[in-house]
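Below are two complexes that have chain A in common, paired first with chain B and then with chain C.
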Partner chain A sequence: MAVVDLTEAAKGREELLTRVRELAETDPLACYQCGKCSAGCPLSFAMDYQPRQIIRLVQLGMREQALGSSTIWLCAGCATCTTRCPRQVKIDGVMDALRQLAGQDGRAPREREVAAFHTSFLESVRRGGRVHELGMVGSYKLRTRRIFQDGGLGWNLLRHRRLPLKASPLRDRKTVERIFRAAEVRG
Partner chain B sequence: MKRVGVFLCWCGSNISSAVDLDQVAEQTALLPHVVHVEQYKYLCSDPGQETVRKAIKEHALNRVVIAACSPRMHERTFRRAVGSVGLNPHLMEIANIREQCSWVHPDKVTSTPVAVDLVRTAVAKAVKDIPLEPSYVGIEKRALVVGGGIAGIQAALDIADSGYEVVLVEREPTIGGRMAQLDKTFPTLDCSSCILTPKMVEAGQDPRIRLLTYAEVESLSGYIGNFEARIRMKARSVDLDRCTGCGDCWNKCPYRSPGEFDLGLGKRKAIYLPFPQAVPNKPVLDRATCAYFQKDGKCQVCKKVCAPGAIDFEQQDEILEERFGAVVVATGFDLWDHGRYGEYGAGQHPDVISSLEFERLVSASGPTDGKIKRPSDGKLPERVVFIQCVGSRDEAKGVPYCSKVCCMYTAKHAILLKEKIPSSQSYVFYIDVRAAGKNYEEFYRRATVEYGAQYIRGRVSRIYPRGDSLVVVGEDTLLGQKVEVEADLVVLATAVVSRSDAPQVAQKLGFSYDQHGFFTEAHPKLAPVETNTAGIFLAGACQGPKDIPDTVAQAGAAAAKVVRLFAKDQLETEPTVARVDRARCAGCEWCRPICPYKAIEMEAVTERVGSGQVARRVAKVNPSLCHGCGACSVACRSGAMNLLGFSNEQVWAEVEALCL
Partner chain C sequence: MKLAYYPGCSSHGSAADYDRSARAVAGALALELVDVPEWNCCGASSAHGADHRLAMYLPGRNLAVAAGMGMGGVVTPCAACYSRLNRAHHWLAEDRRRWLELSAAVGVPYNDVGKPRSLLEVVVGDVGLEAVAAQVRRPLKGLKAAAYYGCLMLKPPEVARFDDPENPRSMDDLLQALGAQPVRWGFKTECCGASLSVSRPELVEKLVGDILDNASAAGAECVVTACPMCQANLEQRRSERHRLPVFYFTDLAGIAFGLSPRELGIPMHLGEPLELLRGKGLLAAGEEGQG
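Showing the complex of A and B:
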């Protein structure tokens, strides 16, 4: 494994910390690396860096490794970590912040399907003010080209009328659009 | 005629439920000399003791055996009870049938014969008991404090404030010690000299405290209440009575050499004041660096400029002999020499410095006036790496223990660095952060969160130069990766170690020290400021690594012990001490080196042999020093040494009662 040059990392450290502090409204430096977050994380089994290690990367200013990790995309945002953190670090917020920074960098996410899901979800909400599941699934499948994945499950849901065919959009769609615009301006 | 009374205690159900006491009573009554046997539910209670007292009178008992709990528990209680009706307290024996019988045996079948044996043994010993009287010694109510750091100063002030005289001996030219070298103190960031200097001045001005600086204790003899010390006043070449501390001499002195107080980072003159707040505020002439003494015998500039004529080139070392009742030892600590870490540059790189050197660089009164200039080129460092546990927790090259103070002062250094050089970045390599203390953890968190110190968990493996900076290589064990930092300055938190001459000091003063040279307390928990020599107490880091609050607390405790001693007019000594049978003593001196308390010396006696007089040497025990351990009586080949209360005869009687 390559040696990490902390002097080099330190150059971008302040900027990374500032951005994360702004976006996540929490200070990653407060973390004392006890590992309680990782121990309780329901998805840590699939992660390349444990949640604790992601915070550590941020503390050291190792932007490349943090933004390029699978972890930030696999995080489901359940906030078990944040609820349990003795130092009151919003770990899920940091994950979110890192995803946003990755997006701003125009960086291809390590977990393409996860990003595709996020995009399809937001698209659907923007269009109708609430999610239209069938539409969202369709656009997700087009994005990922995994047409037949979970086909059986979809058929069962349709049969039991849990997946409405027709969207039922909100009436006041202008407000929804305003919210999206505002969010885009914030970055 | 020996009349023994035996009292069996039930100890509630502690003994009675596990031992058949009726059977014990029955068998005990058959023993020779036993005239009375009695049981009671709680012998230690007031009515219980009264039973014993009543029986002594009614049955004219002259020996008492109490079969109850351990003598550690109630020996004093029953000695007092027996003594209160006019019997000598040492004519009482205890048979421990609780800890050594009822508590450890599973049932009455096993325990009862054991209890019978124990009681029989005690009776056999009691029959041979002789009345013993304590001896009394006077107390010289003056204290000697060795070492003038914060520990010694605090102890001296507390003792003096209680109204007793103190002599404070310091081997450096000024008191103040290590604390005077520090810049700020954790976790409050008080300026060290601001809180120390008033105490130094107070110690210097208190009429009951006599400061002997530039002096060393040569030897200590005697015992608690009556110590005799020989103190060497080193030739200072300055007459302290005449000197006004004006400074003309050190301003004019033409010779400079590296200053000890600044750890060689700055220069001092040959005649110098170690630091401006020194107490006494009078210089010392270092003959080793003075041209008058080393070269031509001409210079004499200091003497010429000294208006009061205080310079005395002819001054000689002086020996003082003083008597003291108690001694407080507070000789402080040293730092481990990081030259032994080849991988950290073996102490050869000027920009790899110790934490104490860093203190001098940050200190406003230091060689750089508080500007953190790195030693090699005077540049202000932007990137500073602090490494903890240098020598500490390293059984291979250093010491196995934790030095206790480094975690906190390193956090302090990181804070001070950021305050002095706001654009700087600090990196702290650590193994664990040990911040156990009031407000310590919070202080350490401030260093990381508010001051942005980067803590990296892992031991540094190597430091090497690259250009004019240093590359520090370690592992971030939290990240699981090797990391590298380029630094302008590296500060090593070197281990707190004992003074190099600590073993000699302990031997000279007569108490024990551990394998690391730290002075040993009499009990790690219950006698933390006492030594195993009565009347000698410990304070500060000479006993083990310690921060300032702990040191001050310990010094206060040591002072309280001294004052407690001085509150008495006489000392009662335990009568259970060794006694020599002069007629039997062959004068072989085997006992003398064996005695851990230096209580045995030799004396000459003259005897009549036939018609002539023969002089010979025999052992003599000083009862004030003897702790009654019995080592000498075991070693004595002619059986001349006897421990009163545990005489050879008594021990034999016990063995016989048990085995025959």
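Showing the complex of A and C:
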């Protein structure tokens, strides 16, 4: 059983709650821990903290545990939790917010591969304005050194003409670069 | 009916088959789809975990460009794009000051194009089941199909505002109008985990296995999706024991309308979809060529 220092956690509590409220546009304090979110979560079986527990960690200001969890990366964003929450907490939005905060902290993600996928995805968007699947997966493989993963599948997709070698970027690459910059400025 | 069409990135790759059947079926239903010029990625499935503003601006630009086209709204065949476009639309609708913020960020003046719709929503809601049934040339008689909606087209309901998030009916009704027999089953809106398919395939295999097991147990001979992520994921992350073909709803509508598998891109699927159609007497001789 882990020992938790609530006095220590309470120091950063208001700041964490404020950031989550801003980013997720929802109030984690509304949660009364019924557990409906966790019962319906398709990925809860693989998470270190249940979605309900993540909300509780935020309520208590336990930033380290929340941002260091596997849960925030394994959430697939299906919003079944939010759909069923009797207190209208946008739980999927809280997961998004915590991933953003973990990124802003420059923290090493608990699920390295999942984070590497998202990085490769956004890199592909920024480069061409649209995702080029082959390029994205290639960059993911380099990033994670999983060079041979899904080789057979890739070949099968190529054969079925569902994995084009060539990207179809926007004519003007600045269109999307401008959006990334604007988002960075707003922070 | 003329609509702005947002195909999404997968239409150029893993869902090139869906793009083909979507356009063919729209044509058969007299829906004119005009591509949003220079559309950009909506940010699914990564921007929303990286930067809240980026997750609103990327789809927001497409909405702004679509509004400028002066059509009867914007439609997308992809459930992931649908979800992101609707999230941005919802965010913008909540506060008019955000219109100015978005316009400045993306360099296109924002005007409301109306709620972004999915192609399924347009076919069932705008075209209507009667008009669909009127186009049927070869009813999908005896075809037992599991209508699989996935998560993003329906959840959360205040954003998606489409069908019941726990027990949707629209695709079941459509399949019925095409002459098929939709099965009752419990995994209609379970998530297939597509966003983790590359990074944590072993977890996704479990989700996909559960969905396909449940569809088989309900007596389905095929699974029908309205999402390119679901279709690709169910085909790619299933185990050897699963043989159910996974169709897009536009594949089956097209077959019922008398279009050929080739026109619909069906031979681009990874499984053996033609075997089932042939077994049901739904293919004419010579209709089985490569895509």
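One rule holds in what follows: the second predicted complex is superposed on the first by the 184 of 187 C-alpha atoms of A that agree within 3 Å, B and C clash if a C-alpha of one lies under 4 Å from a C-alpha of the other, contacts with A are read in each partner's own complex, and residues count from 1 in each chain.
Going forward, contacts are C-beta pairs under 8 Å (C-beta built on N, C-alpha and C of every residue); 3 or more make two chains touch, one makes a residue touch a chain.
This one's a predicted model, so the numbers in the text were calculated from it and none came from an experiment.
Trainee: Superposed on chain A, are chain B and chain C clashing or fitting side by side?
Mentor: With chain A as the common anchor, chain B and chain C both fit in the superposed model.
Trainee: Does the superposition put A:T80 against chain B (first), chain C (second), both, or neither?
Mentor: In the superposition, A:T80 touches chain C alone.
Trainee: With both complexes superposed on chain A, which partner does A:N156 reach: first (chain B), second (chain C), both or neither?
Mentor: Second partner only, chain C.
Trainee: Looking at the overlay, what does A:R145 touch: chain B (first), chain C (second), both, or neither?
Mentor: Touch partners of A:R145: none, neither chain B nor chain C.
Trainee: From the CA centre of chain A, what is the angle out to the CA centres of chain B and chain C, nearest 10°?
Mentor: 100
Trainee: In this superposed model, does chain C or chain B come into contact with more residues of chain A?
Mentor: With both complexes superposed on chain A, more residues of chain A are touched by C.
Trainee: Per the contact definition in the header, classify A:S168: touching chain B only (first), chain C only (second), both, or neither.
Mentor: Only chain C; A:S168 stays clear of chain B.
Trainee: Check whether A:L29 is in contact with chain B, with chain C, with both or with neither, and answer first, second, both or neither.
Mentor: First partner only, chain B.
Trainee: Shortest C-alpha to C-alpha distance from chain B to chain C once the two structures are superposed, in angstrom?
Mentor: 22
Trainee: Once the two structures are fitted together, what part of chain A is touched by chain B and by chain C alike?
Mentor: none
Trainee: Which residues of chain A touch chain B once you look at their complex with the stated criterion?
Mentor: Chain A reaches chain B through residues 1-7, 10, 27, 29-30, 32-33, 52-53, 56-57, 59-60.
Trainee: Using the touch rule from the top, collect the residues of chain A that touch chain C in their complex.
Mentor: Where chain A meets chain C, its residues are 23, 42-43, 45-46, 74, 76-80, 82-83, 90, 92, 95-97, 99-100, 103, 111, 113-114, 116-118, 121-122, 125, 129-134, 137, 140, 149-150, 153, 156-157, 160-164, 168, 170-172, 175-176, 178-180, 182-184, 186-187.
Trainee: Taking the complex as given, what residues does chain C use to touch chain A?
Mentor: 9-10, 12-17, 38-41, 43, 45-55, 57-58, 61, 104-107, 151-152, 154-157, 165-166, 189-191, 193-196, 198-201, 203, 206-207, 232, 236, 267-270, 291
Trainee: Can you list the residues on chain B that touch chain A in the complex?
Mentor: 383, 425, 427, 445, 448-449, 452, 454, 456-457, 473, 476, 478-486
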